[in-house]
Every structure is written in C-alpha cells, then in structure tokens.
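One chain, subunit A, appears in both complexes that follow, with subunit B as partner in the first and subunit C in the second.
And then the complex of A and B:
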C-alpha cells in the first residue's frame, strides 16, 4: 500500500503526464518537435529570475481562485461562481482605489481588500442560501451569477464608473498609494502573491485545525452522518460559500490593486475556471494548490512568449490546460464512483 | 395445487458478505403458476436470495434450477433470458417518457433493421402493449407520461414490461408498500389472473394479511435460512407471525434482569405525532416515559414507525404535535446539536450511511460530534494532540480493534464499526441513548460485546430506548417492551417475562398490515 503522500503525488502527476503526452502527439501532427517545444516552455517559465517572476505573477490570481474553489469542493458544493466573486471583488477594490480620498494613504489598501472580500462573500451568500434552504442546484445558480457579474461590472465601467479620460470599458486608474508593491521590478510580480500564499496557508490551517473545517469536510463526505452527529449541514454550506466568495473577492482585489491598477473589460480571462482546474488537480490540498497554480501560471506566462518566438499558437497552451482538467476530473469521477459502489454493497 | 412442476428452485444456497451469512443454506421450491410469498424481517436474506435468482450475485455454494435445469447466471441478462424478472420497490422508469416509450425502452420493436438508423415501429409497440394489458385485465393510457401516472398504474406497466420480455417468473418486492387499499385489491386480482395463465410469482412482503389473501404458498426467511414453508391453506396468520419473530421462544436468558435500579424519569414523550415524509410511516399520539436505569424496547414489524420514533427523539425528524421532554426541559423544538449537548445520543440503524462516514478516517468518525467541545476544541480551533489522544482513549475504552487512526472507517469489520459508533455515542456520558438495530451485520462476539455495552450503560444510570428486528434481542435486553403498529402504540409488555408469540400477535394482527 502506497503512502497517502505518494498517492496524492501520483494523482497530481498522472493527469499532467497524460496531457503533455497528448499535446505532444498534437505537436508532432502539426510538424513540431515536442521535446523542443517543451524544453522551450520550461525555459520560458523558469529559465531566469525574470521568467520565474513572470510565472509567479501569472499564478497569483490562481492561488486565490483555487483556494476559493477548494473550500467548496471539499464540502461537496460544486461552486463554479468564483469567477463572479473575483470580478465583483476586483471592481469593488479598484473603486476604493480611485474613489477614496488619496489622503487616506496606505490605509486604502486594507480598506479596498476588505471591501472586496465583503462583496465577494455577499455575492456567493445568495447561491449558498438557495442551496442550503431550497436545494437549488449550486452549479446552475453560481454559473448564472457569473454572467450577472460580467453584466454588472460591464455596465458600471461603461456608465457610472467610466474613466473620464479614457475611451470606454475602463475605470480610472487607482491612486499610487493604493497600488500593491511590486516585488521584483520590472516584472509585475506584486504583493498579491504573498497574500495568495497567506490565503493558502490559512486555508490549510482551516482544513486541519478548525472545527468548521472539520465539519465542512464531513458534510462533503456524508451529509446524513453529519446531521446525525449534530452538524448543521445548511449552516455549513452557507459558510463555505461565503468563505469562497470572500477569498474570490480578495483575489479580485489583489489583481486589481497589484496587476492592472484599473478595471477593464476582460479583467479576468477565466481565472475562476482555471482555479477550478487547479483545485481539482490538487484534490483540494494546500500544497497541491500552490504547485498547481505555479504550473498553470507557467503555462500562461510561457505560452504568450512562445507564441512570439515560434509558430506554436497560444491555443496549444489552452489545449494542454483543458486536457489536464479533463484528466483531473476523470480521476475524481472514478474515485467517487468507487465510493458509490462500495456504499451500495 | 398438487403435481406442480418446479419453476424455480434453490438448493443449499450459501452467500456471505464478509462475516455475515446472508444466505445460509437456502432450500426453496417455487412451483410453476403459483403465487409464492416470501416473508421475513429486513436482513433475513430475502434480497440476497432475489439477487441470486436474478443473476446479480453468484452464490458461494449451492445451485439454482430453472425448470429443473441447473443454471449458473453470471449476469442479470441471462436471468432475464430464462424468464426471471423483478419489479423493484423503486420503479425503473424514465419519468419524462410516455408509458409506451417506457414499455419498449431497451427492447424496441423495429421497422427495419438498420443499426443506429433503425426506426421504431410504434404501431406494433402499441398493439403489443394493448394485447398484454388486455390479457391481465387492465387498461392503460399509453400516451401518458410516467411522472404524471399514478403509482399503481406504473406498477402494472412494470409487470407488463416484464411479460413483454417473456418473463414467466416475476418477483415483486413489497409491491403493496406504495399502494392504497383499493389499489392493493386491484393488484391482487391481476396477480391471480397472471398465475392462472401460468406465470409464477414471488411476492415479497412484510404484511401477513396480504400474504394470506393472495398467496398459494408461503416461506418464511429468518437469519439466512428458510425457517418455515407451507401452503397457505395449511397455515395461519399467527403461525406465520410466530416463525417470523423467532422459533425458540422459552430461552432462559434472564441474565441481567431486574438488577438495575429504575430511577427518575429522564425522557418523557407526550402524544407525539409526526407526518409522513417520503413514504415514511407517520406517528400518531405516542406517549412513553423512560426512566434512569431502564431499557425500553420498541417492537414492531419493520416500517411501522420504530425508526421514525427514534428519529423524533434525537431530532432528525420534526414533531407535528405533542412534546418531548428531557429531564423537565421541553426539547421538542431543538435540533440535533442541542439535543446531543443536553445528553441524548443516537446509534443509527443505517450504520454505513448515518452511523459512520465510511470514507472518513477512524479518528474523524470517533471525534465527530465532539469537535466543538472542550478540550478537543475551544469552539473554533482544534487541538490536534488532544483530539488524537481522545480518539485513542475512546476506542480503547470499548476495545475497538483498528489498525491506524488515519485509515478509513470502512477498513473496520462490522462489529468493530458498530463498537466505534457506540464508543462515540457514550463518550460524552449522555443520559439517554437511542439505539436502532444495535447488532445488525455484527458477528456473534460483537453482539455480546455490544449487549454488554448497552446493559452497562443502563446499570450506570443511563436510559436506553432501543429498537431491533430481532425480538429475542429486545426481550433479552429490555425491562419493558412497547409494540408499535402503523405508527401507533398498540401494546406494552414486561421485558423478560414476555411471550414472543404475544408480541408477534400484537405486531402483525392488531392494526396490522392492512394500511
């Protein structure tokens, strides 16, 4: 019997290996040398301190969205609405960043982050409440909320929050004091990365060391049992949804205050969904989330430069990401199927 | 009824799941064209036997004969081919399809055989359906959607579907559980007609009145064996009831009788009623008192409200009227968490899904419920060291055998799983222990250990409310036994000096099967 660490490692690596093999076949078909391309990928993402900084910068939003997703997944709530919370939180933070008087100085940053967390928490409170009280399918409700978030933010940045100086679809730039510090200039790696790592750390502690983390893992595995030992499944479901929203919102704040300094259309190129892939790949484990975020960050940062230097389109990177996600999900499906079969015996 | 040929026969069939012998040498003959009732408590082995007949399970030992020919099914398709089909309690219907579509689903009559491009011959399907419905004397609106069709019609469609597939032996698993009395009569007419035309029917039921009303033969299963088999004409309701509840009546097992001090009232239930949710039995106006040091047994044919009563006490099920008091405190409106805090514990009958979280670690299973209590937790954060020490201490207290705290609870044997449940439930020194099916699926040594736990608990001043399908177990443990039938309290007898026959009569005859 393998140790649980080894098993987790295999569970993490297997989807990756398969995805890279499949993409390799694809590369051969389009007449490229996969070994060359892959070594280029590694080089472009980890080759120098600048490249590493770029990779970590790209992984920053994923740390938040993966934690936000994992909080719900381990409780059995299939929340796909982190993207929405990320957008709402991002706009909220950016709003604080340019709207609050500059005299507030550095205190704008914590205010903006807290505001973003509150917005995100409220945002996912609603689907959580609907799920807990009326068993409204959380996949549908959170997915729909994503579209609403896109529409609301889209309206605001075209209307009330539109920058008076720029064209359209963009807010004013935040005050300089509201910007998160850059860690390794000239790269865009910013203080949000540290915040992201702290989120993962807190998430890990919450999973292993808190009563509510204990409860949420139990309801993820067996709701009837949880009820029988006195755990309120409803309250716990609402709690994890709100926590997920808070982390998602703070992720948006980090991205707005650290990376873009404003909110524009396409603020998130699907960070919520890539975070979901990371959470699945990591099986919700904190260490897995860090590794997965860096991996997907590497793919994203190297992908753009590879497109510049070779004939490989960025789409290939998306294909690799998609394949990893599919295989990660297959593994999950197989595990839960086995559980179900055992339960029936 | 003589000189019948055997349609289906089992000889010396054995089937074990781990240590549990679900079928322990079954010999059963089912004669062609008869209605053969199979009765027995849950866990007696009926389902296992039916699964073997259907080719879902393979017997460990023994043989099954169809038309006197030995068969060796490896999958359900083969059984279906030999003409054996089953109507399950949960109908196998696609709710959004019409009845006709459901009828032919999986075996559609085709107009032309072009593989995936074949077209369904709806005219023929309709003709086949009408023909079969006419033969068994029912009329069916085939265009109706399954989800808007009354449940007894769905049952007819299920039967017709099996007939269309050429089934000659039809197993019905508690078919009347979902039916109202007039519909039951309609179903019985249909079954009689079917059997007259040569179809063999195996009728699984808990309700002895119905068995006597419709069956030609009856077999009673008990603890994996056929304990009784006869023609209906040569037996009686009370004889069947007697065999269901157990045949060794006067066992002197007065081991622990009467040496406990019965003290103050700990739990008092007044006129408790509860509504039906999802086919559960409703409770009406149940009153009882539970004293310190007392073990109160709840007897009844399964599905008559015992589980529901216990769920009301722990708080998993709401009361629609009446009150529950724990030591003078009205707890009727409290949830599970508060009731557990006040000193009620619960051992579920469904160990695999409610008593334990099998895929969680042993540690999590033994700690769950106390994860907000000091010193394991300060209410928010866990002290892992104390948590682990507490887990070990609790498991050791009832000598649960386990390998590693991090292994899943499913790695334990049935007996140790149940001991784990008890270890958790008595760990906070509750005053009232609510127990359902304490020894289901537990081997003999485990049973003794668990009985000792329960008796110890009561001897130390706790109160136990316990239900079990093993009447002997109830009799052995209980100071007093109340009998429930159809959600009503119908009798009350002294524990040790009770007569099993008398309890059995109260369980089945009074109020009885006829819902």
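And then the complex of A and C:
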C-alpha cells in the first residue's frame, strides 16, 4: 500500500506533469525549446529575491481563494462561487478604504477587512442556506452568483462609486493609511501575503484540530453516516459555505488594500477559478495549497515577463491551468490503484 | 420603427444562445451538466472565421465549426464518462484550456492579441429577398433571416418529437433519469452520454459560427461574452424542455437587444445584464422548494 503522503504527492504531480507535457508539445510545434522556456520560467520566478517577491505577490490572492474553495470541497459542497465573494469583499474593503474618514488612521484596515469578510460570508450564506434547506444545486447557484457579483460591482463602480476624477469603471484610490504595508519594496509583495499564510495555517488547524473541521470532512465522506452519528449536515453545510465566503471576501480585501488600491473592471482575472485549480491539485491539504499557490503565482508573474522577452504568448499559462483542472479530477491514478487493491484481495 | 429594430435585433441575438442551449439541453437530459459550452462556442466561432476565409463558403464554415465543437465535445465526454472526471470542474477547466489554446494560436500563428481579422470572410446569407422589408413589423426580421436561425427554430420544433418518439431520444432520457436502470436494461449509457455531449458540442459550434458570421465576420477572444453560460441558464430555466428553453432564450435575446436602448433612458446596462442569472436563481429556488415540499408530504 502507498502511504497517504505518496498518494497525495502523485495526485499533486500527475496533473502538473501532463500539463507541462502538453504545453511542451505546443512549444515544440511553434519551434521553441520547452526545456529552455521552462528553465527560463524557473529563473524568472525564483532567480533573485526580487523575482521571488514578485512570485509571492502573485500567489497572494490564490492562497485565499484556494483555502476558500478547499473548505467547501472537503465537505462535498461544490462551491464555485469564491470568485463572487472575492469581488464583493474586494469592493467592500476598497469602499471602506476611501469612504471612511482618514482620521480613523490605521484602524481603517481592520475595519475594511472585517467588513469584506462579513460581505463575503453573507454572499455565500445564501447558496449555503438554499443547499442545506432545499437542496438547491450549489454549483448552478454559486455560478450564477458569480455573474451577479460581476454585474453588481460593475454597476457600482460605474455609478455610485465611480471615481469623480477618472473616466470609467474605477473607484477612487483608497487613503494612504488604508494601504497594506509593502514587505519588500519595490516589489508589490504586501501584508496580504502574511494574512494569506495565516489563513492557510488556521485552515490547517481547523481541519485537523477542531471538531467542526472534523465533522465537515466527515459529511464530505459520507452524509448518511454523519447524520447517523448525530452531525447536523445542514448546519455544517451552511457553516462551510459561510467560512468560504469570509475567506474569499478577506482575499478580495487583501487584493484591494494591498495590491491595486482601488477597484476596477477586471479586479480579479479569475482568481477564484485558479484557486479552485490549486485546491484540487492540493487535494485540500494546507501544505499543498501553499505549494500550488506559489506555483501558479510563479507561472503568472514569470509568464508576464517572459512574454516581453520572447514570442511565447501568455496564454500558455491558461493552457497549463486548464489542463491541471481537468487532470486533477480525472481518476486514472486512483483507478489503477483501486484495481491493484482489488487484485490483492 | 424602433419596435421593428428591436424585434429584429432580439431574434438575431437569440440564435446563438438558442443553438447552444438546445445542445446543452440534450446533454443535460442524458445526465451531463455541460459547463464547457462557452469554450466550445468560442472554438466554433474561431473555426468558422478561418474556414470561411479560406474556402469562401459559409456552409463549409458552419459545418467546420460544428465539427470542431463535436470533436471537442467527444474528448470532453471521455474525460467524464471513461476517466471519471467531475463534470463541473472538467467543464470549467475546459473553458480555461480552450481560451488558452485559442489565444495561443491567435498570438503565435496570426500574430495578433485578442482579435482575428481575415480577408474575404463570407458571412451567412440572407434567406429571403430584401424586398420583404416592406411587410410591417416583421419585415425587418424576415429580411435578416439566416439559415442558422431557421435551423435553430426547426430544432426547437423537432426536438420534443425526437426526444419522445425515437429510440435514441428515449435512451437519452432514460440515461439521464436513471443511469442504473438504463444500464440494467442493456443500454450502453456511457455511449449515450458521449453521443449527447457530441450533440452539445455540435450545437455550440453552430452557435459560435452564428456569432462570428452573422454580421461582424471576425473573431475576438471576448466574442461569446458569457453566452455559453446564458444558454446554460436558459435550459435550467426551461427545465430541460425544448420549447420552454427556447422561450427563455428568446427572453434573454430580447433583454440583450434592449440593453443598449435601456441605457439611453437611464437604466444601467450592467444590472439588466444580470437578469438572466437572477431568473435562473429564482427558478432554481422555486422548483427546489416545490420538490422539497412534495417529498416532505
């Protein structure tokens, strides 16, 4: 028997190997040397402290969205609505950042973050409640809520919250005191990264050391059994959805207060979905989430610079991400394992 | 005059959603929720523009787009039915992957980012002579009528019959309703599901072709603008029934057509754009609550 660590390792490595093989083939087709490109990617993302900082900065939003996704996935709730919570929370935090009086000073930051968390939590409370009480399919409801979040934020930043000094689709810039500190200037790595790591840490402790974390994993494994031993499946489902929304919302706050300082169209280029790829790749494990976030952060940051210096289109990153998502859920690896176990019996 | 234009624009904007929704509906009836419709539409649009430019034939372009959609559908289906992938994640992944591949090809072989303009793209022909415009109210719609729109509405009319009176139609419905039963009566339900996903791909490809070849004749990365998801919303709202789904598509198409005009009277277009999604949410809630009450009794 393989240990669970080895199994997780294979689960992490396999989709990546397939993705890099596929994109490698594409690179060969367009006449590039994949080994050269990949080593260039590694160099661009980890070659110097400045590049490492850029990589970690790009991985920051993914830490949040991956944790938020994992919280639900391990309970068997297919929440694809982290993107929406991220947007709503982000706009809420940015709103606090420019609307609250400057005199509040540094306390604006915690207020904004808490406000974002509350907004995100409420946002996903609805589909959670509907799922728990009426078995409303959470995939479709959260998917629809994503589009609704895009529409609402898009409307607000074009209407009531539009910056008076600039053109379209953007809020005013937040006060200087509301900005999260930069950790390694001149890079954009900011305090949100620490917050993200803390979220992963708390998530790990919650999974392994708390009764609600244990119960929520149990309902993901077997709902009937959980019910039989007295776990409220309904309450747990609502809990994980709300927690997911809170983390997603705080992620938006970190991005708004630390990275962009304002909310504009395209605030999130799909962080919710990349976070989903990370959570799937990590099979919901905290260490895997950190590794996966840094990996995708590296791809994003190195991909942008590499596009400047070579003919490699940035879309290669999307190809890798899409392949990872598909192959992370394909059960070939597990199937062959199951067959082996059956053969042993 | 404005009225006529809205009807015409509404009909035109309905067609791509309608085609895609019909495919997705068949897929859903066989038990597969296809989140990858958006990516297949985009691929269809891309193929249509290129083939139309190279061959100068709209028919070949449309068939090529449908073929590309169907092939992608088949591969996608295999990941679900044979390799046990979760259909939701695989569908979302497929959208990301296809957008990546299209962007990559666009960037590398056509050296443009985002938009593909090709010479001599042949657009969809108009079926009826232009003089038909003089008919009041519906004249403009009739003058704009293209073969794909006719095909889409023919599908709406024929699909209920096909689903309830043909062998394959019944197999599809059995598979979707009770996979195990279909298996035990000897239906190869995996093959049926593959077939239905190919159908979904075929129709999404057609939908994409209509988007690209109705009037603009070029490809853009944002061409579909979430229409694959609107189609998903339509057949969820129509509860997988062809006629009800078609009516939902019509509604969404007209909302899209009036969106620009609403803006001029002060209604924010972004909020109008969210109506389809809100409607699905409401429909989903209502039907689930009803089902819940029934089982509670």
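Note that in this section the second predicted complex is superposed on the first by the 330 of 345 C-alpha atoms of A that agree within 3 Å, B and C clash if a C-alpha of one lies under 4 Å from a C-alpha of the other, contacts with A are read in each partner's own complex, and residues count from 1 in each chain.
In the analysis below, a residue touches a chain if its C-beta (ideal position, glycine included) is under 8 Å from a C-beta of that chain, and two chains touch if they have at least 3 such contacts.
Please read all numbers here as calculations on a predicted model, not as lab measurements.
Engineer: Please indicate which partner A:227 is in contact with in the superposed arrangement: first for subunit B, second for subunit C, both, or neither.
Structural biologist: After superposition on chain A, A:227 lies in contact with subunit B alone.
Engineer: State whether A:144 touches subunit B only (first), subunit C only (second), both chains, or neither.
Structural biologist: Touch partner of A:144: subunit C, not subunit B.
Engineer: Comparing subunit C with subunit B, which touches more residues belonging to subunit A?
Structural biologist: The larger set of subunit A residues in touch belongs to C.
Engineer: One more residue to check, A:266. First (subunit B), second (subunit C), both or neither?
Structural biologist: So A:266 meets neither subunit B nor subunit C here.
Engineer: In the superposed arrangement, does A:215 touch subunit B (first), subunit C (second), both or neither?
Structural biologist: Only subunit B; A:215 stays clear of subunit C.
Engineer: Look at A:167 in the shared chain and tell me whether it touches subunit B only, subunit C only, both, or neither; answer first, second, both or neither.
Structural biologist: Neither partner.
Engineer: Name the residues of subunit A shared by its contacts with subunit B and its contacts with subunit C.
Structural biologist: none
Engineer: Subunit C touches which residues of subunit A in the complex?
Structural biologist: Result: residues 26, 30, 78, 80, 130, 133-137, 139-141, 143-145, 147-148, 151-152, 154-155, 158-159, 270, 273, 276-277, 280, 311, 313-326, 328-332, 335 of subunit A touch subunit C.
Engineer: Taking the complex as given, what residues does subunit A use to touch subunit B?
Structural biologist: Spelled out, the residues of subunit A in touch with subunit B are 4, 208-212, 214-215, 217-218, 221-222, 224-232, 339, 342-343, 345.
Engineer: If we count contacts the way the header does, which residues on subunit B are in touch with subunit A in the complex?
Structural biologist: 17, 314, 316, 335-337, 339-341, 346, 348, 350, 352-360, 364, 367-369, 371-372, 377, 379-382, 384, 406, 410, 424
Engineer: Which bits of subunit C are touching subunit A when the two form their complex?
Structural biologist: By the definition above, subunit C touches subunit A via 33, 35, 79, 83-86, 88-90, 92-104, 106-109, 113, 226, 229, 232-233, 236, 268, 270-271, 273-274, 277-278, 280-281, 284-285, 288-289, 291-292.
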